[in-house]
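Okay, so chain A shows up in both of these, paired with chain B first and chain C after.
Moving on to the complex of A and B:
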């Protein structure tokens, strides 16, 4: 590990990084726009400049170079001596901040980025409080560059992160720089739009308010948002994301740095795939059907009802006539609790993995890349936890069936009762499955939306969206990633984890972590949870 | 200077000099034959011994540049910089229009010395006529066996292509030029790596100016000793000078680097004095980007060393714009600032914003609306950009800073007169924007 000296302080740093990275990791606050850890280095914003000791041209030792050097470009090397705490460095920072604001509209009060804007933050920390500009500002236009994204080029600082993203990560080359000098603008090519499956990342990459997400535009001031760590349930990649919410409403999803899984990125499918959670048609309270009468039982009575009805079925038909259809949308903890409960009542209950939604093609980026060159993958399996639920089924043992065989057998009358978990944002109940369910005497349906199963189920329990739950998903590669609860379940509903926890005989509040610890006693694999690392300070 | 025998311009004015027949009749392609009998290293050594310094502006020794090429390289490219975009500079144009084979011969010899397999001539797009002249000459050279496979039976192959720019000053910067040839926006690259190590298409590349390469055949033919015999030490060899503005005979002239700015304006072999005997107010002697001289500084020698004594960045392209006494210095300032604001590629913050800010201020001063503090802001801004203090990727912003800084330093009195005369209300009309 090389040791370098920054501002007179010795810093031990990782191999192969740059001085800027080393300084940021060691807690220095070094302003930068064009540098982003996931993109190539262009050293063009000239804000992270530092002083560096070089061999004296006169010979005999080292001296401070009269030139400033971009710290984003200098690799760390044992014995390197640099400084940011110098008048020359600070003067440059002040001047760059002044330059960047010369033609900036200063429209922070109506800018979505306000509050998480590096122009604001750096101006406050490194800039002068006044401008000496007395001429008219050059005004670059606002542009609609794609179905989901706007570009207010008057706010742009030309860091070119977005351009590099479309070249280096997506390989779609949608963006470019046009014009020259201070009239430079980011733009799409004539007749083309920014419309690639990862395009939302350019909004995250934009350090200022130039690239804007139409979906989030003017919806919330960012300082009202609560940020919660989550995992995207959109496909089996398992991107680490943040759910930004306020007063029980989700406003946006942002990717979280997660090396080896999604790095700094996420796809639009996941980014905008949370809307169903606020759909007015969701099931928000338990429903019970008794002899053609439909009612809403109090939550307290649910365990009793389930227990009594299941026992009645077992008494009448035997303990092997009960099945549970687990959903790949469930968290590992939820699946484990449900299995534990059902097997405690019906020791020979059959475990079934519900349908695994497969859609489209495997999409690898940059477009056309293979092997090590792949920087991001969108998977065909549009659920987060097939592997986690499969693992629980396999490790629990006992009778299991595939979904197709279960449908056939249930249609033929092999089962009398089933607990069916959905939780898919899209309609999922096939005709065959509805027919199979129709043969059952007692059905508990746990789902988000009304469908052919909830229409006939004896007991319907509301399921929650991922941001309303907590637990962990096992992604395509077997990585178990925990996610937290961002918002409360809809009024009247209860978190899936909570009521399953209670059914399984526990009291108090459900906690994903606590349940995982119990699971790990039985299935060692679940002790190996992999959390995404915290985002390094000052890295946006 | 009347006894100076032109070398580079020897074919200018000769009927049919742009054709291979006339060029050969006048001694052309002899140096190539000689060079191909030498080893590439011997050619490099000869050019090194001649201390041929780059004529494009920076004055870096060409042989040393060639010596930076890694020993174990597989492919090497030679780029001929014919983007000639510096204001008042037209010496490359004169060379290529009148004597294209001289450039081609120099290119082939230099490509041989550097073991380049392809030479790209990067040509300023505005050279429409010239493009056809040069292309015709290249076709002739191919037909005569000077280009292509197994040149003159030496076993050495070289392909030569013209790549036309699209009208950007920045593409004359060597890495901007390389990006442009690669089909990209001409944004200069961060260095290191230098082009000699990683240049065009990520391969070792040499970029040389047209005039630099035109010197090479003469060095090979007449020897390094002959070359260093011309001009002062450190500034050896024949040099082209341009002079324009209100002089009696504007044009491109050849001479040794012993001449002064005064010679260039008043010399019989050069500008032959000012129109109507007007007084010289100022001269920008190295293209506009090297800085400005006052009418009292005409003793500056047009060599690689002396300009620094006058606060200038360097010799530059050795093309002088002469400003006469009846020109308002504010207009000069505005024109300079306008050029760089227009030509800044916009990659680095300081240059992108600084050049346009300076232009806005200069425009206002020229319009009689200069206010207190304007000159200070402009002068300071000119000090806050440039590659030399490490603030930008390429030297364009140094070229923007030097003329403006030296102009404000040397003509402050005249500028202040106009600024001071500006009404006080300007300050009140547009107060500094306060942000918090």
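Moving on to the complex of A and C:
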């Protein structure tokens, strides 16, 4: 590990990084726009400049170089001596900030980025409070560059992070820098809009308010948002994300750095795939059907109802006539609790993994890349936890069936009762499945939206969206990733984990972590949870 | 103040229109490929050929060049707008370029530019209604020793005074080169080496 000296302090740093990264990791606050650890280094913004010791041209030892050098471009090397705490460095930061703000409209009060803007932060920390610009500002236009993204080019600092993203990560080359000098602008070729499956990341990358997300535009001030660690349930990749919410409403998803899975990025499908959680059609309260009469049972009567009805079925038909259809949308903890409960009542209950939604093609980026060159993958399996639920089924043992065989056998009358978990944002009940369910005497349906199964089920329990639950998902590669609850379940509903916890005979509040610890006693694998590491430095 | 948003989602080129680049132009561009390791590297000469042939480089031309070179259209847009030598609007038969860099400025280029504007009746970046002249400015034309200097097409004129402007504009040979153009510059096939028709006279 190389040791370098920054401002007279010895710093030990990771191999192969730049002085800027080393300084940031060691706690220095160094302004930087064009540098982003996920992109190539261009050293164009000149904000991160430092002083460095170099061999004296007169010979005999080292001396401070007369010119400043970009710290984002100098690799760390044992014995390197640099400084940021110098008048020359500070003066440069002030002047660069002044240049960047020459033509900036200073419209923070109406800018979505306010509150998470590096122009604001750096102006405050490194800039001058006033501008000496007397000429009229050059006003660059606002551009509608894609179906989801707006470009306010007058706020742009030309760091080119966005351009490099579409060249290096997506390989779609949508964005470019046009014109020259003070007329420089980011643009797309007219008619070839910014519309690639990862385009939302350019909004995250933009250090200022130039690239903005139309979906989030003017919806919420960022300082009102509560940030919760979550995992995107959109596909089996399992990107680490943050859910940004306020007063029980989700406003946006942002990727969270996880080098083992998604680096700094996420796809648009996941980014905008949470809207169903606030859909007015959702099932929000339990429903019971008794002899043609439909009612809403109080939550605390649910365990009794389920228990009594299941026992009745078992008595009449035998303990092997019960099945549970688990959903790959469930958290590991939820699946484990449900299996544990059902097997405690019906010891020979059959475990079935519900349908695994497969859609489209495996998408690898940059487009056309293979092997090690792949920087991001969107998977076909549009659910977060097939592997987790499969693991629980396999480790629990006892009778299991595939979904197809279960449908056939249930249609043929092999089962009398079933607990069916959905939780898919899209309609998922097939004709065959509805027919199979029609044969059953007692059905508990746990789902987000009304469908052919919830229409006939004896008991319907509301399921919650991922941001309303907590637990863990096992991604395509077997990585178990915990996620936290961002918002409360809708009024009247209860979190899936909570009622399954109560059914399984526990009292008090459900906690993903506590259940995971219990699970780990039985299934050792679940002790190996992999959290995304903290962001190495303050970066967005 | 209303702040219009530029629509970049809709195409600006008509996809049904016949191709703009002639086979001859495309063949010429392809003939550059062997010179470079990548096709992208042939972009600058390709753009010169296109500009020679069409007088300027339209959106559609950029798109077609991108297809010939197999590079993204956004990168062609990027390069075309970076260089002031490439025109993105139609221009007159002759283009007058007045140097706006420091030496010429000190020697009176500003007044000279005003004289051109007055005599032509157009501003910078504009074309006279009869299509005869377009007026532009450019950074240092590398003729500082003859400042203030002007280019008419590729012919240079040094030490031009505002009073010289009417005579200069009246001279039909004001763009006639004394020496043949270098063939390194890749004129379009079969072109007369000493005068170079531009703009309005489209080929093929």
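By our rule, the second predicted complex is superposed on the first by the 539 of 540 C-alpha atoms of A that agree within 3 Å, B and C clash if a C-alpha of one lies under 4 Å from a C-alpha of the other, contacts with A are read in each partner's own complex, and residues count from 1 in each chain.
In the analysis below, contacts are C-beta pairs under 8 Å (C-beta built on N, C-alpha and C of every residue); 3 or more make two chains touch, one makes a residue touch a chain.
Note that the structure is predicted; figures quoted are calculated from it, not measured.
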Combined model on chain A: chain C and chain B, fit or clash: clash
Partner contacting more residues of chain A (chain B vs chain C): B
Partner chain in contact with A:150 - chain B first, chain C second, else both or neither: second
Touched partner set for A:179, first chain B, second chain C, both or neither: both
First, second, both or neither for A:524, with chain B first and chain C second: neither
Partner chain(s) touched by A:100 [first = chain B, second = chain C, both, neither]: first
Which superposed partner A:189 touches (first chain B, second chain C, both, neither): second
Touched partner set for A:435, first chain B, second chain C, both or neither: neither
Which superposed partner A:142 touches (first chain B, second chain C, both, neither): second
Shared chain A surface residues [contacts with chain B and with chain C]: 176-177, 179-180
Of all residues in chain B, those that touch chain A in their complex: 168, 185, 187, 190, 341-350, 352-357, 360-361, 364, 371, 373, 377, 384, 388-393, 426, 430-436
Complex contact set, residues of chain A against chain C: 141-147, 150, 173-180, 187-193
Chain A-facing residues of chain C, complex: 3-13, 59, 62-63, 72-78, 81-82, 84
Chain A residues within the chain B interface of the complex: 41-47, 49, 65-70, 73, 91-92, 95-96, 99-103, 106, 123, 129-136, 138, 157-158, 176-177, 179-184
